[in-house]
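In the two complexes that follow, chain A is the common piece, with chain B as its partner first and chain C second.
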Partner chain A sequence: MAKPRDDRAWLLVLPVVALVAFSALIPVMTVVNYSVQDSFGNNEFFWNGTGWFKELLDPSTDLGGRFFDALWRTLLFSALCLLIEIPLGIGVALSMPRQGWGVSASLVVLALPLLIPWNVVGTIWQVFARRDIGLLGAAVNGLGVDYNYAQDPLDAWITVVAMDVWHWTSLVALLCYAGLRSIPDAYYQAARVDGAGAWAVFRAIQLPKMQRVLTIAVLLRFMDSFMIYTEPFVVTGGGPGNATTFLSIDLVKIALGQFDLGKAAAMSIVYNLIVLAVCWVFFATTTRRESEAAR
Partner chain B sequence: MARIGFERLAHAYPGAAGYALKPMDMDWDHAGAYALLGPSGCGKTTLLNIISGLLRPSEGRVLFDGRDVSSLTTERRNVAQVFQFPVVYDTMTVRENLAFPLRNRGVPAAAARARVEHVAGLLGLSERLDRRARNLGADEKQKISLGRGLVRGDVAAILFDEPLTVIDPHLKWELRSRLKELHRQVPVTMIYVTHDQTEALTFADRVVVMSEGEVVQVGTPEALFERPEHTFVGHFIGSPGMNLLRCAVEGREAVLPGGHRVGLPRAYPALAGRVELGIRPEFAAVSREGGLPVTLRRVEDLGRRRIARVELGGSPLAATLPEGMPVPAEPRLVLDPARLHIYADGRLAAGSA
Partner chain C sequence: MAWTWQTALFFALLLATLGAMTGLALLRPETERIGVLGLPTTRGDRLFLTLLSAAFIHLGWLALAGEAPLWGGSVLSLIWGAALFRWA
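Up next is the complex of A and B:
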């Protein structure tokens, strides 16, 4: 049966098109526009073609060197966060009570850090870790360890990573806990009958059941740590030197600090493409793994 | 391989009112095939989990070969258990699933391999050994569960908790005979939970009938049929179940509804409580003469036999309509006197010859 065809139906999607245009398309196109131009103030712009991109992707130039340094730093930061938060989150989820009043108590405690706004988290840690008045910083120094995140790059890294772990391990733990709760009791009973120890139970039952939520947790934590800005900015401001200047911090420095709109625009496009590419690779491999498993 | 004993064993779930399992004393033979039979909620799974150690009884002791195992964990009790719904380890192949209990106990790889292949052959899983377990159907998943229960050669007992519920009827019958066959080859105590009497009667040497947390009779299928020790057994086993008629007993005679008197095979002392006469439909025949006058309500054709639903002095009864006999115009009911039992408050009353 042929359906009547009426091209006016396209008009119905106009509102969405307008919304997407104003919220995403136009801002992105503005950035694209900046990325191919140079300006010397006075709102005068000159065509620069792919110049900024060439400079950005060439590590021997000033801009390129800076970009790659920030990129490696950011990747290292994400890797550290994932390496700590995922196993720790799994561990926390496994040791949470499965029934009784302890369940809601631990859920509330876990949810607390997630409810705190980013810049407040930054401020908390900024103060908490100060060597003169901070509870943590002063205590560590009192123990005879020379710890100063404002001057020592390693200390600064330890502080920002610890802050991220403090803030976000809960999310991983909550997701894993949800996965664990979906396992029927019969599985644990069968495992006991089969003589499985704790490790075998983890490998054979718990890990497979958590696989889906772990995929989501890894993706969320990667994206979030890769794009982190507020917290390290509040704590270290990217320092000491450039030790904790991640991509997003560097981007803001270039765009707003130096007002190099062209460079910043090119950088944000590349930044964005990296995020998209990682996402896509991640999505493609997990869906492929699932369809393979289904065979 | 073990004799399993219970001493004053009882269980009440924390927070629940009353016993899920009422106090019991029992001894089950080494290498017997037992069936736990009873309606839903009567405590079969509770008893099974207590035997395997998944559940700690709130009272009493469990003995394996006279040794108290009440405080031993499931792992240390060396029993295998198969659950009602399939449990498979998703990420493993069928082979790895079957080998799992062996691997956890450090059985050498070559021996494990041989056991796995033997059990897979027994259950018809040989072709699927290298498939991933998660993609198989419910039938096959349950076979894997069964296989994991059977794969260990040295267990004290294998416990089955309604293992064939999810399996289709045809395969059910086949798997049950496989289990039976296996039991004949390897002397291991098997305990099989079911609420299906056919399943229990065909599988077991001894059937343990449970009702409301209580073991009401342990016996061979014949004993359950011929001499039910409790009206529940009479009623639950057999289809249709045993007829029970309120009556009064005077020595060697029972006075039935309508004032009819029948002679009893034994003499009984004065009985207190609710007194009933029990007779299985198989031993109550409709006839043209003799016996007691009854009204015929209807006839059911069960294929192999015909059951007449009759009424005696206002009480309904099921009786056998002998083969080839036309429905009589004035039906009489003949009861086989040797098959009459008297129950007082549900329990079989002992008479004297």
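Up next is the complex of A and C:
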């Protein structure tokens, strides 16, 4: 029988709650308030009830069609990022040196992309991938491949996914490396005594020991890629056409471009709920695994 | 900015729920338990889950129930919430 929980310490968090109220709660209330109204500017608002939500959830309407298109694009983008970054990150972590000067050197090199601000990453790739002056774009075109991310949707996708992989694989690699370093040598010695090969060591020792950090890595990378805005906005601006218009980009277009506050508010609430739900699923799987391990 | 009483009521109810849960936690501290979800949950976890799923139930109702009044979604959420509090 576990000890009864005493939650009184939570009262000490009240000052922070007061601060967060201004930075988060009141903005959230504003968004909820906008989502049930319509505005034609001039600070005049009209009650619209659940109208925006109905429109948003109906793919046959203009708003609903846009929303679901952007949602599938964002989910596809997140899936591609995870499928590439997680195995690649594990591979990088496994091939990193375990001792000597190489450790610090590779840690510094890996940390570099993580230190660059999002909009700078976007600008770097926007120039890097240009077909006329960009090192990558011009080189690829020089090889005879017709590559132009400003006109071809597939090229645009390849560019934004490659950019995300370049920017964030290091994070996965660093997390996995930390997980690998925490494995005691005794495990490897035991594996050697048993005559286990590299694959068996990976499956039976390294992967299970990395499970915890991998869950964190998947969660972080999913959230980040699902909410990505700055980098694709700088590189492709959501184009060509709407090919790389992810949810966040579409949201900003609706809210600030068209000034449809009601539609945008309804969309951001649903967006936020999806993020919360996915977070909970990740949280639940981790906790479940831990509580099973503890039993 | 035009605040509506509906928004105010929504957040007031949310705040009242949190207040009631805080009071309950102070008066009757609880232990975590493992229910049908297979993970340890407290009352707070079950409330979070209830609220989150209530949001999705209402969205689903809006998307699928056509012109039926939204109260249907609320009743469904209450039943679902009660089930979560009992068995989760």
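Note that in this section the second predicted complex is superposed on the first by the 278 of 295 C-alpha atoms of A that agree within 3 Å, B and C clash if a C-alpha of one lies under 4 Å from a C-alpha of the other, contacts with A are read in each partner's own complex, and residues count from 1 in each chain.
Simple rule for what comes next: contacts are C-beta pairs under 8 Å (C-beta built on N, C-alpha and C of every residue); 3 or more make two chains touch, one makes a residue touch a chain.
Keep in mind that what you see is a predicted model, and the values were worked out from it rather than measured.
**Student:** According to the stated criteria, A:A138 is in contact with first (chain B), second (chain C), both, or neither; which is it?
**Tutor:** In the superposition, A:A138 contacts neither chain B nor chain C.
**Student:** Which partner does A:G195 contact after superposing on A: first (chain B), second (chain C), both, neither?
**Tutor:** Once the two structures are laid over each other on A, A:G195 reaches chain B alone.
**Student:** Using the touch criterion from the header, give the chain among chain B and chain C with more contacted residues in chain A.
**Tutor:** C
**Student:** Looking at the overlay, does A:P208 come into contact with chain B only (first), chain C only (second), both, or neither?
**Tutor:** So A:P208 only meets chain B here.
**Student:** So, does A:L107 touch the first partner chain B, the second partner chain C, both, or neither?
**Tutor:** neither
**Student:** Figure out whether A:F45 sits in contact with chain B (first) or chain C (second), or with both, or with neither.
**Tutor:** second
**Student:** Shared contact residues on chain A, chain B side and chain C side combined as an intersection?
**Tutor:** Of chain A, no residue contacts chain B in one complex and chain C in the other.
**Student:** Give every residue of chain A touching chain C within the complex, in rising order.
**Tutor:** Listed in rising order, the residues are 1-8, 10, 29-30, 32-33, 36-37, 43-45, 47, 50, 53-54, 57-58, 270, 273, 276-277, 280, 284, 287-288, 291-292.
**Student:** Inside the complex, what are the residues of chain B that reach chain A?
**Tutor:** Within the complex, chain B touches chain A at residues 49, 52, 54, 73-75, 79-81, 83-85, 87, 89-92, 100-101, 104-105, 132, 134-135, 145, 148-149.
**Student:** Which residues, counting only chain A, touch chain B once they are in their complex?
**Tutor:** 184, 186-187, 189-190, 192-197, 200, 204-205, 208-209, 293-295
**Student:** For chain C, which residues are in contact with chain A within the complex?
**Tutor:** 1-4, 6-7, 10-11, 22, 25-26, 29-32, 34, 37-40, 42, 48-49, 52, 55-56, 59, 62-63, 70
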